[in-house]
Amino acid sequence: MLEAKNVDLYYGAAQALRGVSIKAETGKVTCLMGRNGVGKTSLLRAIVGQKPIAGGEIIWEGKPLGRSPSYDRAKSGIAYVPQGREIFPLLTVKENLETGYAPIARKDRYIPDYVFDLFPVLKDMLGRRGGDLSGGQQQQLAIGRALVTRPRLLVLDEPTEGIQPSIIKDIGRAIKWLREQGTMAILLVEQYFDFAHELADTFAVMDRGEIVASGTQAEMGSESVRAHLTV
Amino acid sequence: MRPFPSRLAALAIIALTLFGVLRPAFGADLTAQVNALGQGDYAALEKAIGDLAATGDPQVAPVLDALSNGDLYVRKSDNAVVKATKSGSGFTLTDPVTGAALGEAGRSGVTKIKVNNKIRGLVRSATGSLTLMSADPAQRRSAAADVFRSGDPAQIPLLDQAIAKETDPGVKKIMTEARAAAVLKSDMGDADKIAAIAVLSTRADQDALAMLASTASGPDGAVKSAAADAVASIQGQLKLWEGVQNIWYGVSLGSVLLLAAIGLAITFGVMGIINMAHGEMVMLGAYTTFVVQEIIRNSYPELFDWSLAIALPLAFLVSGAVGVLIERSVIRFLYGRPLETLLATWGISLILQQAVRTYFGPNNREVGNPSWMSGAFDLGNIAITYNRMWIVVFALGVFAVLMLVLKRTPFGLQTRAVTANRPMASSMGIRTPLVDALTFGLGSGIAGIAGVALSQIDNVSPNLGQSYIIDSFMVVVFGGVGNLWGTLVGAFTLGIANKFLEPYAGAVLAKILVLVFIILFIQKRPRGLFALKGRSVEA
Amino acid sequence: MITAFFFRALDGKTWAVLAVLLGIGIALPLLSLTDPSFPLHVPTYVVALVGKYLCYALLALSVDLVWGYCGILSLGHAAFFALGGYAMGMYLMRQIGTRGVYANPILPDFMVFLNWTKLPWFWHGFDMFWFAAIMVLLVPGLLAFVFGWFAFRSRVTGVYLSIITQAMTYALLLAFFRNDMGFGGNNGLTDFKDILGFNIQAPETRGVLFFASAFALALGFLICRAVIASKFGKVLIAVRDAESRTRFIGYRVEGYKLFVFVLSAMMAGVAGSLYVPQIGIINPGEFAPANSIEAVIWVAVGGRGTLIGPIVGALLVNFGKTWFTSGVLAEYWLFVLGGLFIAVTLFLPKGVVGTLMARARKKPDETKAPGALSPIEASQAAEEGA
Amino acid sequence: MSAPEKSHEKAKNSLLYLDGVSVSFDGFKALNALSLVIEPGEMRAIIGPNGAGKTTMMDVITGKTKPDEGDVYFAGTTDLTRMDEASIASLGIGRKFQKPTVFESHTVWNNIDLALAGVRKPFATLFHRTSAKEIARIEEILATIRLTDKKDWLAANLSHGQKQWLEIGMLLAQEPQLLLVDEPVAGMTDAETMETAALLREIAKTKSVVVVEHDMHFVRELDVKVTVLHQGSVLSEGTLDHVSADPTVIEVYLGR
Amino acid sequence: ADDTIKVGILHSLSGTMAISETTLKDTVLFLIDEQNKKGGVLGKKLEAVVVDPASNWPLFAEKARELISQDKVSVVFGCWTSVSRKSVLPVFKELNSILFYPVQYEGEESERNVFYTGAAPNQQAIPAVDYLMSEEGGAVKRWVLEGTDYVYPRTTNKILEAYLKSKGVAEEDIMINYTPFGFSDWQTEVAAIKKFGSAGKKTAVVSTVNGDANVPFYKELGNQGIKAEDIPVVAFSVGEEELAGIDTAPLVGHLAAWNYFQSIDTPENEDFIKKWHAFIKNDKRTTNDPMEATYIGFNAWVAAVEKAGTTQPDAVIDALIGVSVPNLTGGFSTIMPNHHITKPVYIGEIQDNGQLDVVWQTPGLVVGDEWSDYLPDSKDLISDWRAPMSCGNFNVKTGKCGGS
């Protein structure tokens, strides 16, 4: 289980996160929502270690992560699908997937079949350069790449952004399938409410760097979530 | 030993010649003649050499060799000519003819017999005729070559004898050519000369051309026209060879450029660091070679031929370690600020240069060529020097290994991922600091081994790096940043272009033209020869 | 229109810089003419030294205009500097007239002893100051125009552009080295006697040249300021940050680049032309790629994308060089200088001026001076350091 | 393939006319004989699978990519394939990029100012003074994109979504005749999405708009003719309901 | 302080020229040390002021100005390349000080403030060619003039070309070629030399190749098998110091022309070398010609100061003319009115220990000729800095002193 407690984060002097606390449990999808610029991405970057936090702590599987670098967090089972995908453009699709070998045991260094089952396009495109793929293809690659590290926490930042409906459905199915495996905590940032609603076990809503509402799907009616998202 | 009066010596020579050339002379007679070498000025020396040669005694050859090598001295006490080798502060003396030990002498006890180029030339043609009959084919070969060069008609009878006895076809050919050369200079009949021209025209090289050309400018007649024809045909062939030669020189220059640039193709091409200290990494490799050779020279001289093999891994380690140090202490704070790497690495380059200057001194250090890196062999009509050839082979080898590392190993993959997007690579679990350090270390290490090779053809001085840095950047950029194949093709293209221009435009203009060519070429292909393509690059 | 153009640039800071530059330009030469016992007396040595620095500062300013504001990292700007210098040198050379060692009224000495019989065509006209003055602007400007016209039209950018500018200056270096070119080979042009009829070594002449350098620098600063303050300046920064995006909103990027590149080359040319009479020699060494790189380094040390930065950087680095190359440090000065460069990059990432300005501003979210390090770069650096 | 004159004829009454446009990258056909006509004042939604060639089509129209073959005409007569990006933009074709690209070290205000219709030539910009009218216009746009309070922020400091808005603002500032909008609502909340739709509908009253989007709610909200691209050519065209019922569209795009 | 006499040292300690110039800095320090051991000059100790002009020509001018006007040195020993000398010249003239220039150069200069203790072309190039043309030198008939593309080789080759032609050498028997500074790929050039030399006539190369380019040049000569017996190369810029960086075994027999060799066996030289080794604490360090030129210049200055009784430049400049000091090769060198000196000329052959053995020498001393007799416009010029003429470029035809 991942637990962030009272996290503060600054860009220069501007505070992007103010005492944010959130939990993501294994086998569940935790969905973080909020309008543009409220700090969702910032929180995720704090969790994966791309941005140091100024206050609070982030605890993963009982141990505080402190200031450990991203690659150590990856080794401890945290995988990240960033906003904007961040595919390695000059690496082929296959090579992009293989970058996930770094934190895992030698015997696990193969691409699990379910990656191709979930995203069949990747199989056809193994030899093409990642940077040449279309946006939707890159998004699938980014998720696939994260899965190669066999994560126990999957952090996804707006995975539906710019993706065609059928693939959104595929991604939705993929996330569901991953949840059903029960081995993985999934932290999902999403703007697309219908999509989030279908997947989320628990919700958290952010505004201006703070969590303004949180609770399980049942506790938080969809209307109350929506209300927080209107301008 | 009492010196013979020289008149007596002269008499002895005449007597000996009458007895027949191949009869061994008496040691005593020879000794007198040898002693004549130390009796006067250059003119006297020339005469003494001529006299010795005229004995036709094979024992004379080593004596003359020693003379030419500067090993003959005059012992002051008795004016005897001795062979001296340095031992400690003095010399160990031996008899030049018999090789018998003659004891020691202090530095002031002997004076060297000075030789100059003219003397050396004389000695060479003299030993040529003396060793034509030697038992060693290599010696006969070089003797024949010497006779060929001197083209002395007086040697024709000797050559005829030698050719008759010769069993080695290669040597026989040279002897035949030597004979032809001599015939052309002799006053033999037209038929003989035309036959000689035919022999020489099959040789078809610059030397043959020179001999035929002087015949062709002689008096009119059948000989002249035959020579003129031969000249024309040789000139045609040489033209062709000139093209081949330019290509080879270009390839060789290209391989030097490749070596100089290949480390930069990693630190700059792959990692995006404008690495102005690259040249200094090359320099460190060259100095490593110097240190290795210095130790070998002082302690294990028999290992000298292995010096480069020993220096290679060491240079890789030294430059690589310095690279890692630089990356960890400076460069790592500059990722994402590529332009500032220019400033910092410039500073590093100044420091490294001055450090080497302070430690090793500002002067050139001597790095020798092992025997297998010295000299040349002929391929058709071009002389291929061993050092250049091995450097071509070496450059291609380094390139291949590097290509394998980057394309076929997990480390290569991680390197490419890290340099493309450091935070994301880290999130994929790649230990970016380690990969960064190792990649920069690899680039620097490769530069170091390039330094080992370059020490074989260039100065080893604190300025070594500076002289390659601009060319290296040109090659990497011309080939297309980030593409190793580009660096390879770029290096050879620029090398060959340069060498084709040089004979016509001269070295300076050729270099200018190549630079202009690069500028124009980049207009056509703004991202180099092997531009990276795709939308990611264009954004 | 023109006055409005300059007027807009004249904010308080600009006034201050102009005042300081012109003040120095007047005060230093005057003080150097005072009696050595006068407490504020300035030795002529200092005037000569600072005069040289001012020319370097103008060169640095010109580099910053293209690099700091338009993202064109020119590694060949010393070429424009040198060409301006050569144009001036040719004028000074022709002023020698019969006072040359061979007393040839037309041919400079180096042509005489290499057996030239007539003046090459490109030397004509340089006996007139106005002609030379035009050439000081025209030759570097024209080279920059032709070079830039091709390169910008072909969309050569980034390191590719940097390297071909380096190739350009390197080719010129080699070309000017050739005695056949008619510019005096590696010895260059030297042994000048007078300029506009005044003895070039007279303290008064030196004073005027010094003032001219300070004035040129002030003028250059004002022009840059005005360019940056205009909408044109905003477009430049846009080009620097996202060139292709700028095209898509309708700006013809090559035109903008060409304009600043030529402007900057002319500034560099003027710097060179003032440098030569004060130094007394111009030779192909000025084309050396290392010189161009050094100019870039002055800018980086001072702070790229600030107009004061390059001036401060040029003064600082060159003063350091003067200082370190004498006395006890003489044999170790490269360690000091190299260390300085590393320290600046690591500890003053925006350069001396850039960092001071950022510190003065404190509030990070405010508009920052255009062109200081982009926050992306800065934040990435911060993260890496963390 | 139609002769140039003929296509010219057909192009006459259209604002944007693409005929038989093909583009390939290293042998991969991104556009395959694509034909498309936009009438003056029309708003058109373009949908299609990821990789169908939608962005590439915009690249072709705006001069970023030169087509291997085919015709692209603007306002009937202007051959866009012969023009560079800047001239095409000056003709009145504005574009919002899929990945928001703004001038990071400019303030939000300056980003809009740069995009503002008006001077484009170097000398003109050198002596240009921002007029009161222009200031008013910038403020108006800032209000529209809700970045008024961030007008002095550097664009680099904006979040992803804020950059999207800023880009839309820049597009508005250009006042183009034809707006090419690539995925404007990606990363926006549902409420913002609806607002954007309203904004585009407003614009479409006077301008022509081509919108690429994957958000079906948004496309429905636009309520315009939809073109479905697939593998570089038109797969289906019509109302949203019409194309949504097309089994191949469901197969390749909408999914089940 | 006033109790010392300051001596400026203006040699590059960094950059491309450090390789040659650093030794000269040490030489001056060594000479100052020796002089101080003898009690200094005029009862005052000498004090060295060392600066580093860093192989940067404008910096040379700046540093010269600093030495003269800030440090108030009485004399400066410095410069190697001609361009550095040209660069500091205006400063020495303006501030009226004294420069001793210790390197062989192209001539065509005689300035009141400069004393040229290196060889002029007639003290090096012409005797070398004379030797090669002689029977003993191999009776060379065909000539390659190979140089680095800058003023010294260009001028020297102009002079040699005129000289060779005056000796009846035909145009087609002279090949002139230039390469850039620091040139390192000599394959084409060496092949061309080989080809030019295989035309049947005895051929020699006169090399004015500069500095670093020599090592790769000689390596290529060795590897392509050009032997000194076939095509000797005589160099004017290669001395013991340069050879220390090369394996000389393949080069034995190639030549150099200088006014001094380390191998020259005189008591003065032996003493000099011994003390030098002690000073520099390294008995492998070589000595070379520019060091001797520095030695001569330094001693001449000391003698002139003693003679004038002051370090005041005008007095010392006047006093210097006619000063005669021992050189290291067993004779005396005299400062002539043209500010050049008299020197013997030696031709040495490279030995496998990196030393040069004298194979020939001029019968007497040669006076440095600043204005070459083989250049049409300079042959009418002479220089005499003694009053009343006091002119560096007096035209004997027009009877006027050109220049100012």
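Note that the chains take the letters A, B, C, D and E in the order they are written out, and that residue 1 is the start of every chain.
Simple rule for what comes next: a residue touches a chain if its C-beta (ideal position, glycine included) is under 8 Å from a C-beta of that chain, and two chains touch if they have at least 3 such contacts.
Only a predicted model underlies this, so the values are computations on that prediction, with no experimental measurement involved.
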Chain located farthest away, centre of subunit D as origin (C-alpha): E
Innermost chain, where centres are averages of C-alpha coordinates: C
Inter-centroid spacing, subunit E versus subunit C (mean Cα positions, whole Å): 36
Computed distance of Cα centres, subunit B from subunit A, in Å: 62
Centroid spacing, where centroids are CA-atom means, of subunit C and subunit D in whole angstrom: 44
Centroid distance [mean C-alpha coordinates] between subunit E and subunit D, Å: 74
For subunit E, residues that touch 2 or more chains besides their own: 13-14, 149, 178, 180
Residues of subunit B touching at least two other chains: 353-354, 423, 466, 508, 511, 534, 539
Shared-contact residues (touching 2 or more other chains) in subunit C: 174, 177-178, 244, 331, 334, 365, 375-376, 383
Subunit A partner contacts - residues on subunit B that touch it in the complex: 410, 413-414, 416-417, 420-421, 423-433, 482, 532, 534-537
Of subunit C, residues touching subunit D in the complex: 1-2, 4-5, 8, 227, 230-232, 234-235, 237-238, 240-242, 244-253, 255-256, 259, 365-368, 370-372, 374-376
For the subunit B and subunit C complex, residues of the former touching the latter: 274, 276, 330, 332-337, 339-344, 346-351, 353-355, 358, 422-423, 466, 470, 473-474, 477, 481, 508-509, 511-512, 515-516, 518-519, 522-524, 526-528, 538-539
Complex contacts: residues of subunit B adjacent to subunit E: 42, 70, 114, 116-118, 120-121, 124, 149, 206-207, 209-211, 213-214, 245-246, 249, 252-253, 256, 353-354, 357, 361-366, 368-369, 374-376, 383, 385-388, 456-463, 466-467, 498-499, 502-503, 506-508, 511
Of all residues in subunit E, those that touch subunit C in their complex: 13-14, 49-54, 56-59, 61-63, 65-66, 69-70, 81-83, 86-87, 89-91, 93-94, 108-109, 149-151, 154-155, 158, 178, 180-181, 372, 375-378, 381, 392-393, 395, 398, 400, 402-404
